[in-house]
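Would you mind keeping the following structure in view while I ask a few things?
By written order: A, B, C and D. Residues from 1 in each chain.
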C-alpha cells in the first residue's frame, strides 16, 4: 500500500523531468556559428576521446591540452575567426566511437577533430570521418595497422608501436644488461601490438626470450575486465622459474603495478620495463615506490617538465585546470596547435575539405616534436623517449633513438 | 613438461588464492543456505572491506615504514576494520534491498535482479566517492621469504592469509555447529516455515547470516587488497570465482565452500602452468559448467544443515 | 470422445497395475509394497488416514516420484491399439500425454490466466504447434487453434463454467476452481483421471454436484477415475471399489460396503480418529 | 531505497501515535534519500582523500537543494496518500472508458498505426547524431531486448550472458564477409549471413542451455554469466581466428543486388544511419508481430504455465525443459540476428563490445520496459538508451531553460542503472509498460499465489 503511492507519485514527476530534458535536448543541439565576439565567426574543433569510463584520465588530459591551445589562440587574436572546442565522449571504446564521431560530424561548425585517443575507437570512427571529409588527428593511438585501413582523413601525430617496441628491446639488452627477457602482454590490442613489436627486435638485439604470457587486464583496474588479480602471483612464479633476468610488460599502468608488486613480493629482483601505457605516476603509487624503483618506461610522449620550452605550457595548464599536465596533455596541445596553424592559412572561411588537403603538408614545430607527415599519414620523424623510476618519481632519461 | 619446475610455487599461490576464495565463497553459501538467493552484491561487500582497510592503513601508516609489533597490529586491525565494514554493508544490503522484497513475497527473479542492481549501485558509488583508480595499501611489513617447500618459496603474506583464513573458517565452523545462532541458521536453512513456527526469529537469523558472511567477505577484501591493491571494481572477478567455488563445493554447504575455494584456487593455478594466464577464467568456468552438468549438488552436496 | 467403457473392458486387461511399489524418503517409508489394479470401466477410490501414502501413490503414478521398488504399468489405448507402458522412470509430462491426468490436493491452477486459458493449456497437450508454426500462423496452427477453442468451450460447458470462461481463474469460487482443474485435466484427453481430494473444502451442495460430475466423466467421456478422498459419503456414492492404505500399506480392498465392515479399516480409522476429523 | 525504510509499517499501536510516527519516519526516509541523492550527484572523489567527495557533497546549497527535494517528495507522498483514494475514484470513470475503447480492435490498430507513423517520421526531425543513436543504441538494443524478453519475461529465466550470442552473430558476420584471419569457403552479403548467424547463435544457446536448464533457475544465471565471459575471452585469445582484441575491420554493409536479368538494380546501405534505421524498423516491427503471435499461441501459454507452476504445467503434458530450451534458443537467435545488424552497421567489431555490462544493460531495458511486455522492451530500449546518450552528449553542458548543469555525471551512469533496478523491483516490478498478464502474476505472487517465474520456490522458502 505505502509503496505503491510513491510510484504513482514519482512516475509523473519522473516523466515530467524526462519531457523537460527532451525539450531542452532538441532545442540545444544546433550551435550558432555567427555570434562570436568582435563580429568574428566561430568555428569548432572537435575532440573525441574517453571522458568517462576506465580510461577517462587520458581523455581528459588530452581534452584539456586541446582546450588550452584553443584558448591561447583565441587570446592571441591573430585568427580571422574564433575557435571553440567541442568534446565528444567515446569512452575509449569501439562501441562509443561512432556516436561520438557523429555528434562532431553532424555539427557543421566542426572543421577538424583532435582524436580519437584510442586505436579501437579510431578504427570504428575512421570511415565516418573519411566519408564526412573531416580531418581527424590522433595524438595517442599507436596501433601500427591504423594507417592501412584506408581512412583518407586520418593522421597519426604520434609515433606508432614500432617506434617504441624495437628500441625498447635494444635498450633493455644493450644498455640495461638484460639477457633473458620474459614478455607479458595484457591481451588488449595495444598490449599485443607492442609485445609483438618488442619481440621482433629482441633476438636481433641479441637477447633471449625466456618466456611469454598473456595476462588480461583485471577487474581491479578496468571495470568489466575479465582478468583475475590472482593471476599475478602465478605470473611471478612463472617468471622466476623461467630464469628470466628481466620482464617487459606490454600494457597499462594499473595492471603493471599489480604485476610489479607480485614480482617483487615473490623475490624477483630483475629489471622491469614497460611502454607508454604504463608511463603514469599512478604506476608508482599502485606498486609502491620500493617495488617500482628502477623500472624503465618508454613513451612516445616527451617529458614536458624537462623540456626547455615546457615551463610556460605547464604554468598555463596549471592555472587553467588546477592540475599538472598528464600523459599526452602536451601532445594534444601540439596537435591542436598544428591544426590551428593550418587553419590560419585558410582565411576566414575554412571548409572541411580545405582543412584536410592543407593538413597533408602541415609543418609545425611543437613543444614535443615536429609535426609533419609522410605519405602514409604517419609522422615523418618518429621518436620515443625513455624514463626511469627513481626514488618513487618517474624521471626523464632521454631520447630512445639517441640512447641506443 | 610444463608442470615440472614451478609446480610447488604455483601450488602455494593456488592455496593462497584458494583461502581467499573460500572466505568470500562462505558469504555466498551462507546467504544461499538461508534464502536460496545468489547475492550478487557480495562482491561489493568484499570491495567495501578492502576500502575500509585501505583507509585505515593509509591514515595509520602515513609516510612511515611500520615494523615489528606495529606491523602485526596493522594487519590485525586492518582485517578487523575490513570485516566490520563488510558486515555493516551486508547488513544494510539485506535491510534496504532484500527485506522489502521478502516482506512482499516477491518472485525469485526480483531478488536476483535486485542483487545485480545493488552490486552495480554499490561499486559505482564507491568509484564516485573514492576515486576510480586502484590504490595500493601501504607496505605494512617486510614480505620476506620464510621457508621453502620443494623449492616453492613461502612468504609472509602466504602465511598471513592462510593463518587468518584458517582461524576464521574454524571459528565459523564451530559457530554454526555449536552455538544457538548456528542452530537457528541451520533451522532456517532446512525449513524456514517450521523454524518460524518453532519460535525462531527468521528476520533476525537472516540478518545475522548476512552479517557473518559480510564479516568474512570484508576481511577477505582487506587481505586481498594487501597484495592486489584496492579499486572500486575489485570485487567483480573474485566474486564470480568465489561463487564458482561455492557451487563447486555444493552451494549452501559451509565446508563445501571452504573445500571448493581451495580446490578452485589450486586447479586454476595448476592449469595456467600449461597454458597462458589469459585462459584462467576459461578453466574456472569450464569447471563450473562441468560440475553443474555431472554433479549439480557440488562436491559435498547442498545442505547447510548437513555441515555440522 | 465417444469411447465406451465397455470397449476397453473387452480386452480383459487391467488399465493400471501397481505391483509391489515401495517408496522411501531417506529413512521414512512412504509406500510399502503397495499393489493394486484398476480395471477398465471402474471408478476406484484410495482412502486412508492422513499420511497413509495416498498422495505419494498418486505422485508415483504421475511420475513426480520414482519408487525404489516395484512396477507400474498402464495400458494406453491410442488409435484403437492398446499398448502397455511401464510408468516407472517416465517424466510427468510424458505420462500425461500417455493418458493419465491429475488434479492436485491443493488446487494448482494458473492463477493469472483466465478459466478459458487454463483449460486450453490442457487441451493443447496433444497439439503439435511449435514456435515456428505459432509465429507464422501456419494452416495447421490455425486449425489447431480453432479445434482447441471449440474443445475448451465444450469442456467448460461440461463442468458448468462456460459463463465464466473469461474470468481470471483465481477469482472463481473454491468449488469452481476445483471443477476448472478437472476440466483442465480432462483437456489432456486422458483415459484415466486421478482426482486428489476433489471434495476438500467444498460445500455440501458442491459435493453432490461433484459426485454427479465424476459419474458423468465415466459415462459421458469414457474416462476412468482414480479417486483419493476423505469424504466417505462421496466415496461410497461414486466408487465401484475401494483400496485402503495405512502407514503406506494396503490394509484392505473390495467393494465399499465390504471395506466399511473390515475390522482393520475400522481399527485404522478409530486409532487415528482423534486427529482424523475429516473421516466422517 | 531509504524510502522503503519509511514505508515499512510498524511502531506503536495507538492510531494517533502511529500516524504521527509513520509520517515522521517517512519524512526521515525521504530526508535520508535526499542525503543519498546529494552524495550521488555530488563531486567526484579524489584518490588519497577518502572524505573529499562526501564532505563536499554534504555542504552548502547542494545539500540544501537535495534535502528540499526530499521534503517536497515527502509532501507529495503525504498528499498522495491522503488524496489517493479520491484521485483513483475520479480516474476510475475515464480509465474504464479508455479500457473499453482499447478493447476495440480498430482503436488499437489506429494507435499502433499512429506510433508507426511517428517512428517513420521521427528520424527526419533529428540530426545525424540522434539518427545514429536511433540505429545503434536504440534499434539494435530494442531487438536485443525483445529477444531477452522471451527468455526473462516469457520463460522466467535469468540469462546474464545474453550478449555472448550477440557476439556470436557479429563474429559470424565477420567470418562470412571474410574480415577475419580465417577465411570462409564463400563470401556473402550480410543479408545472407543472417540465417547462418541465427543458426550459430541458436546452436550455442542449445549447447549451453541443454545441460543447465535441467538445473535450478538461478544456476542458469551464473552459468550464462560464465559463458559470456568465456566467449569474450575466446574472442580475445584466439588471435589466429578472431584477430584477438584488434577485432575484425571492414565488415561490409547490407546491400541488395538484383540479378542482371531483373535489371541489375543495386542498393547499398552504406554508412549513413537513415537507411539502416528503416531496415531496423522493418525488422523490429516484424519481430514484434511474430513474438506477439508466439505469446498468444500454444507455446506462449506453455511458458506462462511453466513460470507460474511447473508441476501443474507438467501435469498438463508440458515438458518444461524443452520449452525453456526453446525460449533460450529463440532469445539467443534474436541476439545473433542483432549481432549481424550491428557488425555490418559499425563495420568494425572487437571483443570489448561484448562485455557483461552490455548483458546487464539489456536486462535493464527489459525490466524497465516491463518483463513479458513486448512493447515494453521497445519502450525500455528507447527511453533508457536515449537518456544515456542524452547525458553522455550533454556531459557538463548546461541544460537550456534552467541554465544548470545536468547533475548526472556520465561516469556514474551505472550507479543510476543499479539504483533503477532496485527501485523498479521494489516499487514497480512490472515495468513502465507492463504486460497485463505479468502484472497480474506479480500481484498474485505477492498475495502468496503462484510463483511468477521459473525458479521454483520463492526466496526464503525451503528448498524442494
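Throughout what follows, a residue touches a chain if its C-beta (ideal position, glycine included) is under 8 Å from a C-beta of that chain, and two chains touch if they have at least 3 such contacts.
Worth saying up front: this structure is predicted, and the values here are computed from it rather than measured.
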item: Farthest chain (mean CA position) relative to subunit A; value: C
item: Chains most often in contact, by C-beta pairs; value: B-D
item: Chain with minimal offset from the mean of all protein Cα atoms; value: D
item: Approximate Å spacing (C-alpha centroids) for the pair subunit B, subunit C; value: 50
item: Subunit A and subunit D, separation of their C-alpha mean positions in angstrom; value: 33
item: Subunit A and subunit C: spacing of chain centres that average the CA atoms, whole Å; value: 72
item: Where subunit C and subunit D are represented by their mean Cα positions, the distance between them in whole Å; value: 43
item: Where subunit C touches two or more other chains, by residue; value: none
item: Contacts with two or more other chains, residues of subunit D listed in rising order; value: 4, 7-8, 47, 229, 233, 236-237, 409, 411, 414, 426
item: Numbers and ranges of subunit B residues touching at least 2 other chains; value: 100, 123, 127, 132-133, 135, 276, 278, 281
item: Chain pairs in mutual contact under the definition given at the outset; value: A-B, A-D, B-D, C-D
item: Residue ranges of subunit D touching subunit A (in the complex, touch as defined); value: 3-4, 7-9, 47, 73, 76-77, 80-81, 84, 126-133, 136-137, 229, 232-233, 236-237, 239, 244-247, 249-250, 271, 273, 346-350, 352-353, 355-357, 383, 387, 389-390, 392-395, 397, 399-402, 406, 409-411, 413-414, 426-428, 432
item: In the complex, subunit A residues that touch subunit D; value: 2-11, 13, 18, 20-21, 23-30, 51-53, 56, 87-89, 93-96, 98-99, 102-103, 105-106, 120, 123-124, 127-128, 131, 143, 145, 149, 187-189, 191-193, 214, 216, 223-224, 226, 282, 285
item: Subunit A to subunit B touching residues, read off their complex; value: 3, 54, 56-57, 187, 213-216, 218-235, 237-238, 240-241, 254, 257-258, 261-262, 265-267, 282, 285-288, 290
item: Footprint of subunit D on subunit B - complex, ascending; value: 34-38, 51, 55, 58, 95-97, 99-114, 116-125, 127-133, 135, 190-194, 202, 206, 240, 243-244, 247, 252, 276, 278-279, 281-282, 284-286, 288-289, 292-293, 296, 302
item: Footprint of subunit D on subunit C - complex, ascending; value: 62, 64, 91-94, 96-97, 101-102, 104, 108-113, 117, 120-122, 124-127, 129-131, 133-137, 141, 144-145, 148, 168, 170, 184-185, 187-188
